[in-house]
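Per-chain numbering from 1; labels A, B, C and D assigned in written order.
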Amino acid sequence: MPYEIKGLNEECGVFGIFNVPDAANVTYFGLHALQHRGQQGAGIVASDGQKLRQFRDRGLLSEVFSNPADLDFLKGNMAIGHVRYGTAGSDSLANVQPFLFHFQDGEIALCHNGNLTNAKTLKKRLEDSGSVFQSSSDTEVLIHLIRRKVRMPFIEALKASLNEVKGGFAFLLMTNDTLYAALDPNGFRPLVLGQMDNGSYVVASESCALDAVHAKLLRDVQPGELLIINKDGIKIDHYTTETQLAVCSMEYIYFARPDSIIHGVNIHTARKRMGMLLAKEQPAPEDADMVIGVPNSSLSAATGYAEAAGLPYEMGLIKNQYIARTFIQPTQALREQGVKMKLAAVRGVVSGKNIIVVDDSIVRGTTSRQIVQMLKEAGAKSVHMRIASPPFKYPHFYGIDISERKDLMAAKYSVSDMCKLIGADSLGFLSIPSLIKAVDMPDAGDAPNGGLTVAYFDGKYPTPLYDYENQVKEPLNVEPVEEILKKQNRGE
Amino acid sequence: MPYEIKGLNEECGVFGIFNVPDAANVTYFGLHALQHRGQQGAGIVASDGQKLRQFRDRGLLSEVFSNPADLDFLKGNMAIGHVRYGTAGSDSLANVQPFLFHFQDGEIALCHNGNLTNAKTLKKRLEDSGSVFQSSSDTEVLIHLIRRKVRMPFIEALKASLNEVKGGFAFLLMTNDTLYAALDPNGFRPLVLGQMDNGSYVVASESCALDAVHAKLLRDVQPGELLIINKDGIKIDHYTTETQLAVCSMEYIYFARPDSIIHGVNIHTARKRMGMLLAKEQPAPEDADMVIGVPNSSLSAATGYAEAAGLPYEMGLIKNQYIARTFIQPTQALREQGVKMKLAAVRGVVSGKNIIVVDDSIVRGTTSRQIVQMLKEAGAKSVHMRIASPPFKYPHFYGIDISERKDLMAAKYSVSDMCKLIGADSLGFLSIPSLIKAVDMPDAGDAPNGGLTVAYFDGKYPTPLYDYENQVKEPLNVEPVEEILKKQNRGE
Amino acid sequence: MPYEIKGLNEECGVFGIFNVPDAANVTYFGLHALQHRGQQGAGIVASDGQKLRQFRDRGLLSEVFSNPADLDFLKGNMAIGHVRYGTAGSDSLANVQPFLFHFQDGEIALCHNGNLTNAKTLKKRLEDSGSVFQSSSDTEVLIHLIRRKVRMPFIEALKASLNEVKGGFAFLLMTNDTLYAALDPNGFRPLVLGQMDNGSYVVASESCALDAVHAKLLRDVQPGELLIINKDGIKIDHYTTETQLAVCSMEYIYFARPDSIIHGVNIHTARKRMGMLLAKEQPAPEDADMVIGVPNSSLSAATGYAEAAGLPYEMGLIKNQYIARTFIQPTQALREQGVKMKLAAVRGVVSGKNIIVVDDSIVRGTTSRQIVQMLKEAGAKSVHMRIASPPFKYPHFYGIDISERKDLMAAKYSVSDMCKLIGADSLGFLSIPSLIKAVDMPDAGDAPNGGLTVAYFDGKYPTPLYDYENQVKEPLNVEPVEEILKKQNRGE
Amino acid sequence: MPYEIKGLNEECGVFGIFNVPDAANVTYFGLHALQHRGQQGAGIVASDGQKLRQFRDRGLLSEVFSNPADLDFLKGNMAIGHVRYGTAGSDSLANVQPFLFHFQDGEIALCHNGNLTNAKTLKKRLEDSGSVFQSSSDTEVLIHLIRRKVRMPFIEALKASLNEVKGGFAFLLMTNDTLYAALDPNGFRPLVLGQMDNGSYVVASESCALDAVHAKLLRDVQPGELLIINKDGIKIDHYTTETQLAVCSMEYIYFARPDSIIHGVNIHTARKRMGMLLAKEQPAPEDADMVIGVPNSSLSAATGYAEAAGLPYEMGLIKNQYIARTFIQPTQALREQGVKMKLAAVRGVVSGKNIIVVDDSIVRGTTSRQIVQMLKEAGAKSVHMRIASPPFKYPHFYGIDISERKDLMAAKYSVSDMCKLIGADSLGFLSIPSLIKAVDMPDAGDAPNGGLTVAYFDGKYPTPLYDYENQVKEPLNVEPVEEILKKQNRGE
């Protein structure tokens, strides 16, 4: 998993379906196609029209549902499901979604992909008047907001609450007879609507999940929309009209599966274009022999670069397919080898060659440095890093795990310093305009940045940051490059 | 597990300790001694003075903590732990305790043994003003009550909340620096205070857990008490003085471990006396050859009966020690054999003999009938059932799983009809006065029934029943004995 | 498991059945009743008349067959199964039985309960001419002996081979259409023949397995017999007539389940008589208050002692039912508590009392010492150990794990020294004649010692010892009692 | 795993090391890099100079050694290890290697990659004189042959035995102080010798395992060689000089990892050249829009084809990284979706396009047909299959799982019929001369076919086939193409 290698942790994937027999089974297949969005936990809640049933656990979907009886238990023709990334820890289970709330007046299941930027404030407000939160997840906030509106009908309470939460979110809710899907006012997170041959509606984080269940992609859920799906069909409602498309560019760069289509753009194609534009902006040195990609997420960009540069695309790094998720590193002395177990340089390919390595992004820089080192140990004459996205300088508050500037190498160092730190012979990034051009969303209209959020690169966030406002302003403590290099030389 | 055989499900066991190194380890050993009180789930929360850490899962304690790292993770010198019985089901995990609540102003862990009789009412009231419950457990109600008292200091809010909840309860709470233990105003559930050699205080459901960690039994926690244990030592406070001792008689009859001491009375000794008094009240027929007990919970009473009756005590039934908890019954045709896998009649002992079988109680009657059948198949000439407690006619609202009268055989049938239904040659129960005499609590003072709750036998509940009030009044639908016997003969 | 506590490791249990539908399922239930004979591994081989299929693994039967598909896989109407004790170790799986051998001319499955005294010699002879053994088990020797007789018909080769192996053995063999059962010439190990209602024959280590599958006990397999069961019915053949009944007395004392019947004697009844005779030979001191047994294997003898002594039988020790087989002992400091997790003294019963503890045997003495200590810590005024078997002085070569004299406390110390070493106030053992009298096999005829092997007590082995001959003669290195006591006082 | 998709099952991987601390740990890392050669079981035997210790189990390496204690148990500074593919089944464990044999005169561990063509004959001969085989693996034959030479010194017996076994084999043997490695006389299976910085020798199936443990590749083990490694260093001996290099071409086409180097040729590079030559021999149609590869094994060839054809290389198929090995297919109705869970077509890439799909081989043809169908469903205008190896017409007897001609599509149908059956718009294969040219082994000398075995394509086996002789001659029962197509149309 490149994600692990890099330390950028994707958020989650959601899937919901209404009106198919064995909805939980279909949801299983849909979630399977979304597994790349989260491997820490998985769950499904199904409704048979009367009662909601839940099964969830830590681990991969196939581990969670290793006992067929647990899937059979989830009876009914509607279901929502979730795969999640969660911080390692011992009781993350309370955070595995979907959540299922039993009220004396009914049941509600809820799952979520995204990050609320005012969750802390809302939680404090709710706690101050006596609310009790059981999970550390943002998701729970929504249900508390809804339930506090005690005299309001459910739909109104839901809409009002959706207007209170800020940030990036794609919520699925399910009562015993209705499925709801809501997207944040900027459409930060992807969410698509599909339809099966029998007319059933499906909602999923990515279109690859629709393909997996043979559903047709109808459209992307739009910012501010609230979809209501029940026996009366689908109603496309809005909880707000103050919207502005600003899709998370990291979905195109890194998160989404290559076969998904987000706002009309195929991910692989967008990445390949990023690689092509990168080849123009950050051309290969004259003596370059080949282009290689970092498997698996950078392969599309790397082939694009190779094509545009007129250089052969080679397999210079390979990824071991059999990485155990909980890997034992039996002795301290062999710990270092553990790193080499995920990626291997192909000596027969790179030895004696000048190499262009295309990667999708640099977060902490650790992996980049290891890759350069690995290639040089395998005999590469020179290693030129090319990154198919702009320098990642500002935290990502709308969905992923890194929200501290100090962890971002590009927040602290210039490109030339980064080049020194990772030990490459040259380093180049894609520009923001090229990123926008590579994605080229057909339905962006006149949205800024072609409908993309590029705040991670330029710091211009499309919304207020609420709880995180101060965080972007904090000064960074930057260790001099020379100091770090000295330490590295000493093997620290 | 006799519990499984009988269908009476014990509630839970709690354990808490303050001020020992590796408190979670000690808690592990304490809970191990309480495992008989619940096998469905187990958990521990520990505090290192700063932070509370939780680990819990479904299964036996040793299964939950099969990975030593999970116990190591629970750092700190104070901890609370819980073993629980939970209804089978797919996501009972949300109900596995201790619960851990993260508030923006601190953390609270909470676990509980008992049953609240007004939980439904309280939940409704709280939900009506916007509270959200995540578990189906009663336990969560307390924390909501506390947190709703937003302007009250914690201790006051806790005391006020303890006055709101009704029923049987033994609560342990832990903040980052203090351990709290509270018992219901009737002392329905057992809870003892102990002390280790180093002066550390320990609170546990039964004294056998104190023995397991080499702690000395100091005293039983008294009805209405609130114990506050922290670096200042122990403070024995009260949240109410309107108390009346009414210890659950089922603890003496059936739940507690034979080596525990509750209110000064050793359980084995009390059970043996029940057997002795039973022999006087329900004497053996003249031709009786021997007394046998139903393993394991009835062995004490059976030896008492044998001694008083002057009859040999024999091992006529043995229990297979290797019952898998999740047992496969591979084919329908062999399902019936499954029943025989828990108990076996000792043919060489019972064949051709007139047998007195002593059991501790009859709940549904199913097991009793199987035991009689098993013994007769093994050649017993006659089988006389003697029950070392009074007929169980009224539901148990203070802690266990059976709260429906229709499930209680004695609620629907006379003793002579019960005898016919289980196929015994005679049947006799202990009287309520003898039960009280057998227990003979030294510290009961002038409490009614010698400090025992005997409501399960006479219907005179020591408290209002709140949410369950109507339930005891509902008329029962009683199928005629002859109809049932006919069905049994037809093998239905 | 008292076995673990004591360190005497039972050997194995075997079960075979011919001509029932789903024979593997029936075998599962039979083995379940034999689980006390071995918990380290389990397996079944079934035949559908054409092909033998095997499934086996480490662990309890219910763990091995936790996936129903594995039992379904074992198709056919005949099967043999095995539960085994194996030395802890990392690859004991190769030793889990039944073994299945695929020859180009057919398949043979084989399992075994016992110990061959000339296995080493036979193995050497076979290896010297090129045989290769894969397991460390004795069992494999038989198949090699059979196969080396290359020109002999199978039955003849089997009989000849059974005459070559020495020691205690109960073998089950199965080809695609026939089930074979063979017992050693002394009948050291138990083996019974039963019949189901449909006429099917069943062979099992103990009669409790027959009860578990509703089969009727027909007779014990006799020394030197070879049973041949196939579609032509049963043929009771002999491979030798030079036989002499010498049933292992440890089966009566300790191994077998109380409900089993071996050579016409019910185990519980025999043990109770041992206890009664023990009370006569080693009477209780005048001031004794009660008799207690060590759970579970000594309970029968203890009740017998109590009855004969006219003393109350009490539950002074209880056994935790929830001992995990692979127990974590998280810290060195808590290791000592680990010992206390198996047994607990019932303080309320023993405190201030003079106690008679009845145990079935003393092997190393470690457990006895811990029990005395535990009871004294719980307040016992005096502890008098009474052992319902003679002093165990000579190794057991016919089936169990202890074959070194130096491990046997009674081989090195006098009874009065043993008493000092375990810290008891008095110690007494049953005499050999009383043991024989207590068992009193009806079919022993004029066999020495009433048909029992008592060599463990008097050193007069009923057969030559072959590979073990020198072992009984080796001088013992005996540490002076005073030295040991000093060490114990220093806490070593 | 493309292997699963295709049904070609690779054999095994072996790894051995002498003279490093914690040899088992190093072996673990080496085997991790060989995991692609077998995922059904794994094991390691280590020697501490005195004693050999073994641990092995079913499953992935990381699953087998999930408990660090099991690796710690394998003490010593020499070890051999094995990963294996085994036929699905319930007791494949007896076949998990390395095997460990305990003789009264010492211990031998043994593991093996390959297939013996005269194993059946040898087994019969050995069984006829009384040998007993426990596994169904060929591997065991060698140890029997050695041990039957009872009066010969070990090395001589080993050499003589290696001359008796025929077929493809790479054996590792280990006694308590010496490591042996032997390769078949044709070098069918790959085996390399490496050296660590401290001088320790390493032997492994592929050079990627040397990289993983930081060992330098010294040379390929040559046909007929017997390496003897112990404290005296390494001795490169021969058991035969009648050798002829004929490396299995499937290693280059399909089995080996792209970063391995076999006989001086990097696998990725060879595959890329196969793709390039394929583009010349089987050119793309004029209207072709792009080249796509079947992940993961065909990616190298596909980029070669794209480069040579001057067409863009696109990601038109993606592989789900999270395929559970034991996948549940909860309902029959959803079974068909199960197939789609491994591969997905990238609609956004292929829709409306004319596609060249490059795959490495066609075995049964089932996967090829599914891929064509998947791409057409995703909107591909035309799908042209190009196979980067010659038609696979003759069984592979030197190491893999397919030895029946009837399973090979190319054995039964012409290329044009195959094209119809898989539903492609055109189909083309690489020629044998081009395959040879693509590999171009530098050290092949004048070996036929450039040192490669191409018998799978032309039926000219470089050795007699012994037990399999008749199999290649059996007539094939070929169902007419039209019949199959009709069935397919009817959805059968």
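Assume a residue touches a chain if its C-beta (ideal position, glycine included) is under 8 Å from a C-beta of that chain, and two chains touch if they have at least 3 such contacts.
Heads up on the chains, UniProt names are A, B, C, D = Amidophosphoribosyltransferase.
If you're wondering where the values come from, they're calculated on a predicted model, not measured in any experiment.
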item	value
Interchain contact steps from chain A to chain C (minimum; 1 if touching)	2
Other chains in touch with both chain B and chain C	none
Chain located farthest away, centre of chain B as origin (C-alpha)	D
Where chain C and chain D are represented by their mean Cα positions, the distance between them in whole Å	47
Distance from chain D to chain A - Cα centre to Cα centre, in angstrom	36
Chain centre separation in whole Å, for chain D relative to chain B (CA means)	59
Where chain A touches two or more other chains at once, by residue number	none
Touching pairs - complete list by chain label	A-B, A-D, B-C, C-D
Chain B-facing residues of chain C, complex	1, 21-22, 25-26, 28-29, 32-33, 35-36, 39, 60-63, 65-66, 68, 71-72, 207-208, 211-214, 257-261, 265-269, 272, 296, 299-300, 303, 307, 312-315, 318, 320-324, 326-328, 330-331, 333-334, 337, 340-341, 344-349, 378
Chain B contact footprint on chain A (complex, rising order)	53-57, 70, 73, 90-91, 93-94, 99-105, 120, 123-124, 127-136, 140, 143-144, 147-150
